[in-house]
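Here's the structure, in structure tokens; my notes come after.
Labels run A, B, C and D following the written order; every chain starts at residue 1.
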């Protein structure tokens, strides 16, 4: 049932904290995107091919041509959400709705692409004071929950807490708690158009979360899960169908003349 | 438990077909929005106060001041989705996320406000050839399904068919079939931010659907259901909380300095 | 839209801990069911009428006649789930599927009636050591979440933790955390047949949880929400329908002769 | 990510219509279970091993030993649901909750095992008069929907119509319409305990539905999907955990002494 073709994964990194803040560079000397990439390769081996691009690349590295040959896009951004061009966001949005898988990590909850896909503010409560995060599985049969302990223990983490303003996820897989007592729906799936999306909140620039074995496994599981099973990339389209012809739709000719 | 204050309902009508097409004007001589308004009043009586506005009103009738005193907005648009200004759509979006209820009717599926809230294309298959529509209840305990037969029979209707490109609804209440054999998730609820949304597909400019007793009852039920129970209108906001202070959040000071 | 008839609420209490354990009797001198009853009356006033029955009543107080005049049944049991007769459980099951609302509290998660309605083991992890429980709202627009702070703080509580083996709830309203770091889906709704169900986990015999103002409010909200909107109590029934006769079903005559 | 071990599939057939009714034997000369088996093998090839058992086998062919070496059970029953022993149903239930996948076909909606897992009556409306069934995809990204046209056209079928008394499915994949205008949620997934369940309604003894290429593909997709990803079969269990020991639960010692 599974395709023998490797999953073509593109990791998008904002790559700003690493340049500006010494303590982040110390944790992620090659950039967070590279550490995330290594975690995916570590778990998925030859079933993936991976590349990284960053905000400062031309068109943020997200040209039409590149997206067209990407099966799964992994997104980490934080300090510079506002610098991502609307045109590129629109392009990524179209690709997700057409079948490109998307894994959104941590502070990517407030990225333009995630809020556009969700339709909500995607806000939350937060605090960065080295809380311990416990990631609990509430959907034990889901492929994304396989191969990790229950709970995953992350020694130091930023706190993300409810109420997280997202649509009720299609599947809720993980719920996290923090030392301070807050909780968070930390692993959620969403189907949008022909695309599948996995949001996973662990991971921060200030802590070595993307070096954590279990976090890496979950991200890899997410990459495998969001990969499309559809034979080709195509955006859902409004079409007119004659009675008894179920398979040949006609393009839209406007509301008045064609009387939709 | 229920508030004694009447629900302040605003019906937004595009009001173009009625001006341009004689057969539409014949069915809806005072405009579709007026017929929709009458159906709501017929069912909810003194528990509502209603007003109508249209596309051609200044700011489409949707000023900040007007939205602020609207509990539930009902939306019918079709031929002129593109003429609705992005600024007004943004304003409506903010009010829905802040707690204003929204009922989207029929061709409103492709409106800017609905697609922005859904994050998907909201496309479907269609045909306007006087199919009979049967509206079947699949969630019999939902308040929106009360007081109507199963199925509701609509003698003549435009066909709307699957695949309807929306997020899986929070609650699926009605599924319709059409003479040609197509099916459609015709009654769906969505919670977004602090707002509740009901989408109901029956209703078209070419047929007298908004004069249908059961369709009017469902729309009225939807109006009552999307009305917010929250004490005030407020948009979800990202806030920082000190450890052990669960109730007093601090505003966001930027990603680097405050180290979200 | 709302019925003027008061909601007829029946609180079912196991009433064993109160008889056997002094420290429980000290907290709940008139029985836990009475304290729960008072909390409902405190919040819903004249919109409810309430009664209590207990395990040791004839037929556990749950005769056909009594259930027939009950709109909402509230269930607290723990030590004696096994003593509840299968016949009575079957009767309650039929009434829930026919439209009687059900609120299941705390250790009722392992009652015969709840596991039968869920179809799963309804097991969980637990510890009784005076953890603090924080009850977080994740569905802020739900009627059951109204009128309580976010979070509700319960100073001392038994810990109930994930993985909670229930079907994914139709609506997830509350998630709790505990001092030890565990999390729990503590407020969940389920629609089954013509009945609505609300499970709420706070509440224990060892701690004065049912005296807590916010806990009482949530239980009252739950009572109001599970109350049926259907005009009469009736169990879903398999019926045969002739083509084009959508409203008059025929009873089932057996699989071979009638060729279902 | 996927296991190289073949999926061990067991097809359970009631095998009564085929013995009693000539027209059924004409369509399914080797029994319906054999035709279903062939469809699974046709699609999944060497990734499965298959066996069939029937109601009249000792213990209906569902011994503890046999279930223990079954990854996925496929169930077709109709005329003799009542003859399936409660003990065997209990055994199957335990295996599903422990991780055995389950595919329930057509009239299996009213089987003891399905109603026990659902907790509802699982009733519906029906008519057997050679309606045409159209099976529409509403969840195009789901693995179970791959490789079939939208819609699947089944020339002659029994009608199954709403309201289908099931819990809202975790995922709704297919909705069917019938010539008479009825609709049905015909493809649904449910997660229960450690088990995954797929219900698919097309298929009847009176029509050659299990010879239909697309129906066979969907059943095969369902078999692949319900197969567990968990490393071993185990039932969810109630366990006590000491503070800070998240991984070593203790067995339950009774409600009073251990003070759950």
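One rule holds for everything that comes next: a contact is a pair of C-beta atoms (placed from the backbone, for glycine too) under 8 Å apart; a residue touches a chain by one contact, two chains touch by 3 or more.
For reference, the UniProt names are A, B, C, D = Trehalose utilization protein.
Treat the numbers as computed from the prediction; the structure is a model and nothing was measured.
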Magnitude of the superposing rotation for chain C and chain D (Cα, nearest 5°): 180
Chain whose average C-alpha position is farthest from chain C's own: A
Shared interface numbering between chain C and chain B [over half = same, under half = different]: same
Centroid spacing, where centroids are CA-atom means, of chain C and chain D in whole angstrom: 29
Centre-to-centre distance between chain D and chain A (centres being mean Cα positions), rounded to whole Å: 32
Where chain A and chain C are represented by their mean Cα positions, the distance between them in whole Å: 37
Contacts with 2+ other chains: residues of chain D: 134, 139-140, 150-151, 161, 163, 168, 170-171, 179, 181-182, 191, 246
Complex contacts: residues of chain C adjacent to chain A: 132, 134, 136-140, 150-151, 161-164, 168, 171-172, 175-179, 181-183, 185
Residue numbers on chain D that touch chain C, as the complex places them: 17, 20-21, 78-80, 97, 107, 110, 116-121, 123-129, 131, 158, 161, 163, 165, 167-168, 170, 179-182, 190-193, 206, 235-244, 246, 249, 255-256, 259-260
Residues of chain B touching chain C in the complex: 1-2, 44, 47, 99, 134, 139-143, 146, 149-151, 153, 170-171, 191, 194-196, 221, 224, 228-230, 246-247
